[in-house]
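Naming follows writing order (A, B, C and D), and every chain is counted from residue 1.
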């Protein structure tokens, strides 16, 4: 699975299905498409586990590699310690057995992140996604970041995936830190939601001799990401247009560049709506349109106004996903 | 206590001492200087309550208006739910009875913030400091922010102080939101750590007919803040140079502009060291120099390297606070 | 005129009038208030020198220290080489003989800046204001900035004032560069429009033993600037409310802190309108309200829409400068 | 040449060669690769036209579509009015007759931009590249930008290419402005140096029924840009590694995705060195390594220090472009 420079091999198997690593590498193969699932709430803001099951029954029919639970789209930071773990457990229960379950276990402190990682592993997570601490961003120098991720990876019973999400954290994990951490046997890859394709290409190049797998963090640049060596994506849009995102992943790995471009361009507008532009309220609105349970967010996230709903509907129409 | 436009009255009483509002207003008088106290840890990262008592015995001799506990300088986001509450309780226990105790109760979700606010009030907080939610910054529009703070203020048993800290949150609470919230009977003021004095002057002007008290969030602009109508400060530097910061507050309210300027300029270098430049590790290093317990931070915050310690020592020397 | 630390002397003379340095220092005294005058245009975008004379006849009655011509408010970057020089010449001609004329001579290249500086000095400028080059901001490291300003100062027949204006340039001149340049005999001070009062206080402290004079670049923080050691201001608002800004400067140097605060707070709203919020189009609109010639801007600056005009009028009304 | 949605046709001809539009569209075909040529200087900072000829004799052997002269890499803002025009004239003289000459004609004012555009067209430019005005960035609202570009396009004798370069201008031309301007018959496309591939994909989608051609502004995301519908690139790196960048453009349009990725990843490090990381001084250093004349920059750009030269050399070595 290593990407030796000068010898990049595009795997001919569809990446959207489970494929256990058969190479000498001991690292978990995480390639493929994942929806970072939203947490469904009842009107009183309690977690609606029945609605989670309803949604997952539908998602299980899509050729996803697995699920990310308790990521940014899961309103992770609005849930308490026990809820975060219970959501992992329930997702594992409701998921097809061949799906990877990735839990978002990042906390601000190293000690909490270590404990949450263990708790999520116990609850059934096959791997964890660890966002960098960011509240004290001015103090998050290279040494602090390396120490944090190394300690978490050292003690984790499951593989670690780094999580870089500058729109939320207000910072980037510096490339030299990523390259350094890529050598750790228990750090298998990174999800990057920044969308700076030059940064991602540099990281793919610098980690090409290592077993380090990079996942696009948004469907807006999924094709571009595959074309410079990324191996999958954790895509908010996959919750809504799962088949289409998996199909884009497949096209990106075939030789039909025209079809891939066509589909990528259709997806970029809807993607922006359910991510940067309208956030989780936008995502939950769109879920309803496609037969899923959306439901309310927890406060302080507020529902979209009618004007924004109309804008969003128009964007989906222009891409021919709504009539 | 209202600042009627055209009739600004500088209170002739020293603001560093407790002074109950005698006006018609029912709002708590929060004017004065507060150290946002750091949380002392043992080498194993457990909370060192004995060291907290040691520090507070010293701070109690300084004419502070009170203490902020579980703010940014208190490594609030590295402590779990119970620790955050226990720290409020212990601070209340160790504080002189005439000191105001302000707990940092902000959480990302409205429901958690409401609950934490109640828990901190039960633990002895006289008021709470509520940072705006910021993880989903793109979704934190005016409606979201107003809803959040209003719901927290409506249900809180103690007064609310808004907390704007863009270096950590990556965003500002918009002025129009602040002005709107200033009308709420249970929102008594704001701590602003951004340092944009034009913004603060605009807010002082726009809330001049209301009972809304603004506190500077850093000693770097304390004099400037007083001179445009702010009534105090929550100052990281006050942990280290408490008497000096209280003296600057007094000078700012007298007519000795020369002495005030002189002291302000001396404090700006040391202040930058223990805040933006070296963060909590810098603050804890400086505490040791002045006879307090500093001790380790929790990870991922790492201790200063020797080079940074030397730079910091030099700055304190240039301001004549170290030999 | 040096500000020796621990011995800050507030000059008791009104700073708004011409006062030649009588100290041992050879540096030009630039203390006081300056309007950065707008360039008046006819409807066909040609320069209306008759309207310049009309405006200056009015400004000459205000106790300004002098005029800044070809600054940001003068739409400097929309004028060609000859126009920039001619505007300096005409301003000198129309100004009261006791006013200082400061020309904005900054260009992107060092060679152009040197030549423009000489041309403006020949045209009558008593000093020049030199904005840092900023197009190649990533390459404007400390060495580049020091080299640039030193070469310009070395060859200039008149004193140099550094100009830091991050809202337009997208960068700050680093404090260590400013402190270094403050030693140059032909660099007399800096205009800083960033409004970061902590930065300005640090610079005042670090240059307190030198003959380095800092001017506030906006009326929004003029009082704060005086109170930490600045000696004047170059204020867009001074074009419109000249008497009031000079009065604020005087109050800032007396002991009537209450009156100073009162006036500062009244000015902050109108100031924001004619600077950050509505820019030069806002300034030119407001000029008309107060009996000056405003006239059109050059494209691409477009006139304010009616809605913005109404907002602006409202702000001036709230501050009691319009009925 | 239109990119009808759902019917994207990859042109099977090599894009690096001149190909006149044979479609009904009257718009100039600008697809292909262009080096934005640096301006060679002698040690006294005068323009070394002999060295320009020397470099162009070499570049003429590379299958470039043409040359961009007086772009950011050409130190455009360090040259006076006559020099800017003369450089266009000389480039036209020295270029192979089948190369397109694109002049960078953007100025801050609309009137200057119109005049410079005409002057450059007279000097031989086949098209012009127009950066948005940015000094008054807060005033550069949609109306201002649309007015500016429309007036320039209306009066220009040659086609206009929009130029978005946020690292230098500190702002983006908003997507809705680009889409609006794409309808103008004399605006043929845009060069975008921001590198936000999601933004570019959205623009490609929204202009897919128009004859609007987007060029990548950096080799760091050239492959990604082609794969979402861009038709070429203006690449600083093309000055140094011209054959390689043209080969990447060709690979991007064939079905050998593996070879394209391989080459893209090799180029990303060297590209970053001669653009964002070390700027024009880096570019001129690298030119010397590959047999071109580099020479000095104009001040305030300063030569790279030895340490930076070593870093840069190492990056080129890792990509196997230096031994």
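As a working rule, a contact is a pair of C-beta atoms (placed from the backbone, for glycine too) under 8 Å apart; a residue touches a chain by one contact, two chains touch by 3 or more.
What you are looking at is a predicted structure, and each value in this text was computed from that prediction instead of being measured.
**Student:** Which chains are shared contacts of chain B and chain C?
**Tutor:** Correct list: empty, since no chain touches both.
**Student:** Taking each chain's centre as the mean position of its Cα atoms, how many Å separate chain A from chain C?
**Tutor:** Taking the mean C-alpha position of each chain, the two centres sit 50 Å apart.
**Student:** Between chain A and chain B, what is the gap in Å from one C-alpha centre to the other?
**Tutor:** A distance of 37 Å separates the two centres.
**Student:** At which residue positions does chain B touch at least two other chains?
**Tutor:** In chain B, nothing touches at least two other chains.
**Student:** Which two-chain combinations qualify as touching?
**Tutor:** Result of the pairwise touch check is A-B, A-D, B-C, C-D.
**Student:** Which residues of chain D touch chain C once you look at their complex with the stated criterion?
**Tutor:** 45, 72, 77-81, 108-112, 133, 135-141, 143-145, 147-148, 151, 167-168, 170, 276-281, 298-302
**Student:** Within the complex, which stretch of chain C touches chain B?
**Tutor:** Against chain B, chain C makes touches at 5-6, 8-10, 195-198, 201-202, 204-205, 208, 218, 220-221, 223-224, 227-229, 255, 257-258, 260-262, 264-266, 268-269, 271-272, 319.
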